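Think of it as A, B, C, D, E and F in the order they're written, each chain with its own count starting at 1.
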C-alpha cells in the first residue's frame, strides 16, 4: 500500500505489520502521558495556579511518576464483584479505544491501515467501549458504578446518531469513506478544507452554515462520546462518585484512564480528518512534506484535545435529561437539515 | 498454512467458544458478554469473506446497538445488584433431548453441505464492496431498502409504545 | 403586641392551663403553660388574629434539676413580636405533646431534645435519635449523665 | 440493609422498582459528613432521609462545663466558615444578660468583621455550589479572594479561621493601622471577582438550566419550616434580622435586604438562593464601606469594657443574622461562672430539614444541586 | 507490616544495588504522585480546601483529588472524628488500596483537641482506629503547616524499604512479623464471623456507604 | 490441512446454528432465547456472505445479510419491549410460566 512507508520499506511480511501496529501503541502511550500532564497543567493555567512543580523541571515528568505509582498499587477486586467480567472490562475498553488507532493517519506516508471504510470503522469500534463500560460498571456490584455505566451507555449510543449523520454528510461531500480519500479531497490551501466547503467553485461558500452546524454537532457529540465535560455525567464526581470506575484500582483503573485519553485523541483526530484537512498544510504546498504533514495532523488534533481540556475546567455539567434533550431535540434535527444541505452541495459539485 | 487460514481458525475458535459460552453459561450476564465475542468473531469472518462493509455494520449494529439493548433488558428484568442472575434452564430430559436434536440437525447440515455440489467459482481479490452494495441498494433493491427503512421505523415506534404501556 | 397582652389573651382562652408570666429584668418575657393542652395553645398562638406567631425560632430542652423544661421561642413575621413559651415536666415521666404538626420546624428540634435530654414528645411521627448513634445509651445533656467508658470497642474518655 | 432492592434505570415511562442509594457520609458533594438515604425510581428522587450527627461534637455539654469566656472558641467551631458571625449573637446575648453596652466604635469593628466573614462564607457557598454543578474553576477563583479576607482577619486576630476575636464587652485587640486600606483593597477585589463569577457561573446557560426551577421552596412552607437566611429570602420573604430585629449598629447602616425574584425561573429555586448570596455580598461590601467611616477615634481601649467576672443570672434567646440564616443562642445563666444551658439554634439544622420537602420528584442530579444551594455546614448542624 | 518498620536506618537498603535502585524509583513514584481522597470532616477541611485552592496549590506536590477510595494513596483525616463516624473512617481506610498512608490533620484527630475533656461523642485521636503516618498539630493547622506535613510524608515514603530479605532480618523482627500475621488472621476470622452473624451482607462492599 | 473453502464457513455456520437451536430449546428466560435467536441469525448471515464470496462475488448475498441485520435490530427492539411489558405484569420473564391466554 502506498500509504504505509513501512510496508514499502520492509515488504509485505509479518514484521512490517508488527512494526506498523507498534507505532500507534507507542504513540498512544506517549500521547497519554502528555495529555495527563496537559490536563494538570491546563487546569492549573485556567485556575490561576501552578500545577505539579516538584517532579522534574516544572513537573513535566509527573505522569511518569503516576504510572510508576499505579503499577505498584494493590489491585483490589471487591469480594462481591463478578470477577471474570470485572477483570475483563478494562482490557476490552482499552482494545476498543486502541483499535480506532489502526486507521488514524499520521501523514500521507503513514496510515497504519488505510481501509476503505476508515471513518466508519472508527465509529464502529467505539461501541466496544460502551459494552466494556457496561461490563465494568455492572460487574463492580456498586450502585454508583451501575448508575454511571447505564448513563454512559445511553449517552454514548444516543450521541452516535447525530455524529454518524455528520460523518455521512462528510462522506457525501468527499465521495468516500476512507480516511486518505477524505483528506486528499481537502488538499491545497485551507479554504479547501471541508469546514469551508471542500474543493469546488465559489458556490460552496453558500453551504458553509450547514458545515458549521455539522462541525458543531460533531464536536459536541464527540465530547459526549468521550465523556468529557459538559457531558461527563457518567463520572460526575459530585453525584455518582467515580461512575463506572469507582471500584477499580491500580493498573485496571489506569487502563480506563488511558482509554479515556485515547478516546479524546480519536475524536480530535476525526474532527481533523473530517473538517480540517487532516494532514494537509493550511498553506498549499508550503511545508507539506510527509514529516511536516505528521506535524500538522498531530498539531491540529492536539489543539482539539486542548479545547476539550479547556472546556472541562470552564463549563458546569449538564443533567441526564438535558443531555438527551440536546441530543434528540436539538442536534439530531440540525444534523438532518445540514445533511440535506450538504447532499445538495454534493449534487451541485 | 497461510495467514488467511490461521485467521480463519482463530476467528472460528472465538465464535465457537463464545457461542458455547452464550448457550451453556448459567449466568445471563456471562451469556450477554460472550455474545460480544461471538459478534466480534463473525465480523472477523466477514472480513475474511471480503465483506468489509458488513463487518463494520456487524460491529456497529450488533455490538453497539443490539447487545447494549439486550444488556439493558437484562438489567431491567433481573436484580442488578444480584450478581448471580441465573438464566434458568429446563429439566434434564429436555436438556438431553434438545442436545440430541441439535446434534442431529448439525450432522444433517454437515452431510448436506458436504454432499451438495455447490457451484463454486472464485474471483480475484476485491478491496471493497461498498460501491457495489450502494449501487445494488439504490437500483435493484431500492424497494426492499425502503421497506426495510419503514419496517425499522414502525418497529421502533411500536417498541416504544409497547414498553410505555406497562402499568 | 406586648407579652402581657399575649398572656391575657391566652388566659382568656385557656384559663387554668396558662400558669404564669415572667417579666423579670434579665429574663426574656416568657409564659409558662401546662403541657396537657399544649398543641391547642400552640395552634391558637399560630392562628389567632393578632397573635399570628408564624415563625418558629427555637425549641430548647433544659435540665432544671428535678424537672425537664421545654422552651419554645416564637416569632411573628407579620406582627414583629416574639414570645417564649415554657413547659415543665417531671424527669420521671417527661411527656410533652409534640408540636411538629403546628410548625414543621419542630420535627427535628424535638428529635434533638429527645436525643440529648430524653424528653418524650408524645405524638411525634418519628421520635428517634438524630445526632447520636441509634444504639447510644443515656441522654448526655442531663446533668447526671456519665460518659460511657467504651462505645463499640472504642475507648471514649481520653 | 435488607431494604436494598433493585437498581432501576430511567427509560421514559417505564416504571421500575425503587432503588435505595446511600449518599455519604463520605461523598464528594455532601459538604462534609452528611448522609442521605435516597430512594430513587430510575433517576427520580422519591424520598430523601437525611441522617446527621456524624460530627456531633457535644457543643452544648462542653458549654455547661466552661465559663462564658471559654465558650467563645467553641462557638467559633460551630459554623467554622464564618466564626465572627457565630461569636456575635453569643457575645451580644451574654452582654445583654450582664447589662453592659459597648461603644459604637467597637460595634463597628464587630460589624466589619462579621460582614467580612459573611462574604467569605458566601464565597465558599457559591464556590461549592459551582463545584456541585461540575464547575471547578469558580471554586478556585473564589477561594483566592477568600484568602485576602482571611489575611485581614488574621492580622486582626492572629488566627486564620477560628478567631476568638469578639470578646464579651469588647474585642481581643484593636485594629491595626492599615486596616482601612486593606478593607478598600478587599472591596475592590471582591467586586471584580464577583463580576467574573457572574460571567463564568451565574449567567452560564448550562448552569442556569441546571439550577433554575429546581428545588422550589414556596414562602409559606419556608416560614412554617423555620427556614432563614438566603434560603428564606430567596423565596421572596423580606426577612433579615439585621433589619427586622436590629442588633449592634445595623439600624444605623443603609443596606438592602435582597430577595429572590425568580430572574431565571421561579421564585425560590436553587438559582435564586445562589443569586441572593451573590447580591448579599455586594450589600455586605456596602455595609463595610459605611462602618469603616465609624472607626475614627483610635484612642479607645477595646479591652477596657471586658468585665472581670462574668456570672449573669437570667435567660434569653439571642439571635443574629448568620450568612446561613438565623443563628440563635438560648442562654440560661444561674448566677454561676458557668452557664446552666446554652442551646444553639443553628440555621443549617433547620434549613436542612426542608430537603425532603423540596427535593421529591426531581432527579438525583438535582438533589445534589438542591443540597448545594442550601449551603450547609455540618459543624453547625451537628454541633 | 514490614514495610514501615525500617525507618530507623533509612539508607540501609541491603547490598543489592539493583534492588536499591528499583526501590528508589518505586519510592519516587509513590512519593511524587500522591492521590488523596476528597474527604473532609470539620473545620480543618476548610483549611484543607484552602490548601487545595489557587493560593497554596496543593497540586504542586503532585497531589490529585480522587473521589473513590480505591484509587487513592493517602487519606487526610481533617477534623473531629466522632464515634458515629469512626467506623466509617475505618471502613474507608480498609477500602483503600495498598500502599496507603494517613495524615492526621489538626488537634481533634490527633488527640481529640478542644473536645478531649467533655466530648462524650468524640474519638480522642484517630490513631485509636487506624495507623497514622504524619500528625499535623494546630487547630486548625495553617496551610503552611499542612504542606510541611506533606513534605514529611513524602520523605517518609522516600525512605521506605520495600524489598527486604527475610534472612537479613533480626530474629525478633521475624518473630514479630509472624506473630502479627497470626494475629491478623485471627482478627479477620473474628471479623468475618461477626459480619456473618450480625450484618446483612447485601451490598456491604459498596464504596461510600 | 484442506485449504479454507466454502465448506469451512458452512460448517462454522452449522455449528452456530445448532448451538442456537440448543439454546432456544433449553432455556426458559426470554432474553436468553433472544440471544440464541441472534446466534441463528448470525449463522445464516455467515452462509449468505460465504455464498456471496464463493459464487463469483455476487453482491446479492451481502445485501441479504444486510437486511437480516436490519431485521435483527427491529426484532430485538420489539422483543425487548414485549419482555419488559411481560416483566412489569408478571415480575419474571420465564416463558414457560407465561400462559395466561390458555386459561
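Convention: a contact is a pair of C-beta atoms (placed from the backbone, for glycine too) under 8 Å apart; a residue touches a chain by one contact, two chains touch by 3 or more.
Just so it is clear, the structure is predicted and the values come from calculations on it, not from any experiment.
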{"item": "Shortest walk length in steps over touching chains, chain C through to chain D", "value": "1"}
{"item": "Chain whose mean Cα position lies farthest from chain E", "value": "F"}
{"item": "Between A-D and A-E, the pair joined by more C-beta contacts", "value": "A-E"}
{"item": "CA centroid of chain A to CA centroid of chain B, Å", "value": "28"}
{"item": "Centroid spacing, where centroids are CA-atom means, of chain D and chain E in whole angstrom", "value": "32"}
{"item": "Rounded Å distance, chain A centre to chain C centre (Cα mean)", "value": "62"}
{"item": "Of all residues in chain A, the ones touching two or more other chains", "value": "43, 47-49, 80-81, 141, 143-144, 146, 150, 237, 241"}
{"item": "Touching two or more other chains - residues of chain F", "value": "84, 88"}
{"item": "Where chain D touches two or more other chains at once, by residue number", "value": "4, 7, 9, 14-15, 27-28, 53, 56, 58, 61, 140-141, 144, 382"}
{"item": "Interface residues, chain A side, partner chain B - complex", "value": "80-82, 84-85, 88, 92, 115-117, 120-121, 123-128, 130-131, 134-135, 138-139, 141, 143, 146, 150, 153, 157, 160, 177"}
{"item": "Chain F-touching residues of chain B, taken from the complex the two chains share", "value": "1, 4-5, 8, 12, 15-16, 19-20, 22-23, 28, 31-32, 35, 38-39, 42, 45-46, 48-51, 53-54, 57-58, 61-62, 65-66, 69-70, 72-74, 76-77, 87-90, 94-95, 98-99, 101-103, 105-106, 109-110, 113-114, 118-123, 126, 129, 132-133, 136-137, 141, 144, 148, 151-152, 155-156, 158-163, 165-167"}
{"item": "Residue ranges of chain C in contact with chain D within the complex", "value": "24-28, 54-58, 60-63, 71, 73, 77, 80, 84, 103-105, 107-109, 112, 116, 129-133, 140-141, 143, 145"}
{"item": "Residue ranges of chain D touching chain C (in the complex, touch as defined)", "value": "52-53, 56, 58, 60-61, 64, 97, 99, 221, 223-226, 237, 239, 244-245, 312-317, 319, 326, 328, 330, 332, 340-341, 343, 345, 349-350, 353, 357, 382-383"}
{"item": "Interface residues, chain A side, partner chain D - complex", "value": "43, 46-49, 143-144, 146-147, 150, 229-230, 232-233, 236-239, 241, 313-322"}
